[in-house]
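In what comes next, chain A is part of two complexes: it sits with chain B in the first one and with chain C in the second one.
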Partner chain A sequence: MRLITHNMLQCHVKGCNANNFPLDFQDVSLEQQEAELNEDFLRNMLGKIEYGALVATCLKLNITDLPSTMPADANTNEEFLQALHRVMLETHVISGKMVCPNCSHIYIIRDGIPNMLLAEHEV
Partner chain B sequence: MSRPEHQAPPEIIYGGDEAKKYTGNSRIAAIQAEMASRAVELLNLPEGSPGYILDVGCGSGLSGEVLEEYGHIWVGFDIAPAMLEVALEQEASGDLFLQDAGQGMAFRPGTFDGCISISVLQWLCNADKASHHPKARLIRFFSTLYSSLKRGARAIFQFYPENDDQIQLIMGVAVRCGFEGGLVVDYPNSRKAKKFYLCLFAGQEVQGVKQQLPAALGEDEMGDPNEHGVQYTSKKRNDSRMRSNKRSSLKDKNWVLKKKEQLRSRGDKTANDSQYTARKRGPRF
Partner chain C sequence: MKLKELEGYLQDVAVFTKPKIKLEQYPTTPHLAARMLYTAHTVYDDIENKAVGDFGCGCGILSIASVMLGSAYNVGFDIDSDAIAIAQENCEQFEIDMDFILTDLSAVPAPSSSEDGPDGTRGSYEMMKGKLDTILMNPPFGTKLKGIDMVFLKKGIDLANHAVYSLHKTSTRQHILKKAKEWGVECEVVAELKYNLDKSYSFHKKESLDIAVDFLRFEKPQPKSDA
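After this line comes the complex of A and B, so read on.
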């Protein structure tokens, strides 16, 4: 799972509606996989990502490539887009856990695939 | 035609060997790819702007490959772990999740620029467990999907409805969850090429323009142009005996000579061949 997708995930357990984003990573192993830089896509996503959550997640994973606030000229700042691409689209989480900060539900990641299935009472 | 959704839940039907068979079969792969590319076409995304697309029931990533060809970044989920394993083996380019569509999805509001789904919705109409209520599952699915789509984004579902009631149920729930749109039936007159696409709009207007339901393919034709069957022609048989009114005798001179030769070879007594052998008799009074 790429970090861009983690930035879009929130807990979906029944009744867990507030403070359910971002999911906390625990015991994760990371892997870098090269991908083609697609600036148009990044520009499209700039408005959608929660930048604060992304930076906080990265700091937890010891990734310090990103500035703490999004630069004002993010659309045209190539250096920033490069860094964003490296972090969001090339960093894959291979295994570990994601824990909901609100209800502490644990989503286990195996082979890069998070298990998002819920038990019946959680739906 | 047998329906896999009548046999067992999807994670069992598409488990182990079946997952590999499904992906290895070039015919299934070709059909899936064709339907996926039609679905992407129906998404009607602006050209040249790569989007973030959700693939519901991505399986082994066949439809993901099509999305990738169109330049989109995709995220997919499926309930069958065996299919996801095959997707991993094939190095699918999208992010994969193990997730049940009927449990809803866990994405933030406004995440996706579009959603496609190939041959999935009919599975949601089944109750595979005692706790499953198809309508409740559909409601949860469509309501969470609606919120995870960008305003004005489209969701295209190719599916195989079993009957009209299923179509009514699915469309009723989708409308209740806020979607607009309708059903596009491609090649409605063809038995094989007929395909149902549910086109849903999460919000009717995009930049002040009302979204129109796309036109179906092959509505006025007899069927799929790719179908090559044996065509009936009323052309008469090309038979020389049928063509001429004057029928020549089957038992002409050559036939008589052949028969006589056969008799001689058996040692029977036959008259010698002469100019009178098998000659035409003149008309009699």
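After this line comes the complex of A and C, so read on.
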């Protein structure tokens, strides 16, 4: 799972509706895998990503490539788009846990796949 | 890339080794997958540089076709970790970057929940809403769990930013057109296709069986402009 996907995941537990995003990474192993840069796509995503959550998540993972706020010229700022690409599309979470900041539910990541399945009573 | 060429590549996508009948695991054929994605790309421009979701992705063939036609980000959703493992191997073989989420798209919270939407469903993928430009699916048709096809479809339409592509039994067409109207989305029957089901399960009497399926495209009104 790449960090772009994590940026869209919230807790699914029934009744857990507030402060359930972003899920906190714990004990994760990361891997960098090179991918082709697609600036058109990144520009299209600028208005869709939860930038604050992305930066906060990165800091916890000791990734300091992104400025704390999105630059005003993000659309044309190649250096920024490069950094965003590296963080969102080249950083893979191979294993670990995601913990809900609200209800503390733990979602396991194994072989790069987050397990978002819930037991019957949690749905 | 030409349609035939795409279909040719897709012949090498591995399918379920032990299909699970309760999940209605029938592989989408290379022919159907190529037709769907080629049309989505060349006629509607819903693939190139797009973020694409794949509901009930199984072994990943729709997403693999999507990546071949230039989608920029792909994520597959499936309830079966065995299917996802095969999909991952397929991606490795085709050198494709794709994420997967192990999840139950059919899970609908109890209607009594105060957080339910007006239609009784709550988006457990609320954060994903509007972020995937295009959602693809060959959903379970609901022969084992009645109505699951519509649950998948509704969720796809809720989450997609712009378009949803899906396959449904032609016999359900009128029902789906009516639902699309209720949901306020355009529904177009792009093509009526033959879905050839090889003898995947022992209860199939014939070696192979053709069923009529509709290839449908749904478009949401006033797509969000992020330009």
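Just so we're on the same page, the second predicted complex is superposed on the first by the 123 of 123 C-alpha atoms of A that agree within 3 Å, B and C clash if a C-alpha of one lies under 4 Å from a C-alpha of the other, contacts with A are read in each partner's own complex, and residues count from 1 in each chain.
The criterion applied here is as follows: a contact is a pair of C-beta atoms (placed from the backbone, for glycine too) under 8 Å apart; a residue touches a chain by one contact, two chains touch by 3 or more.
Because the structure is a prediction, the values reported are computed rather than measured.
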Residues of chain A touched, compared between chain B and chain C (which is higher): C
Which superposed partner A:Asn115 touches (first chain B, second chain C, both, neither): both
Touching partner for A:Gly15 - first (chain B), second (chain C), both, neither: second
Partner chain(s) touched by A:Thr5 [first = chain B, second = chain C, both, neither]: both
First (chain B), second (chain C), both or neither touched by A:Thr69: neither
Touched partner set for A:Asn44, first chain B, second chain C, both or neither: both
Common interface residues of chain A - those touching chain B in one complex and chain C in the other: 1-2, 4-5, 8-10, 12, 21, 38, 40-41, 44-45, 48, 50, 89, 111-118, 123
Complex contacts: residues of chain B adjacent to chain A: 48-52, 71, 73, 75, 77, 79, 84-85, 88, 95-100, 103-108, 110-111, 113, 129, 131, 140, 144
Residue ranges of chain A in contact with chain C within the complex: 1-2, 4-5, 7-10, 12, 14-15, 17, 21, 33, 35, 38, 40-41, 44-50, 89, 111-118, 123
Residues on chain A engaged by chain B in the complex (per definition of touch): 1-2, 4-5, 8-12, 21, 38, 40-41, 44-45, 48, 50, 89, 111-118, 120, 123
Touch list for chain C against partner chain A, complex: 49-51, 72-73, 75, 79, 81, 84-85, 88, 97, 99-104, 107, 109-110, 113, 115, 124-128, 130-131, 133, 161, 226
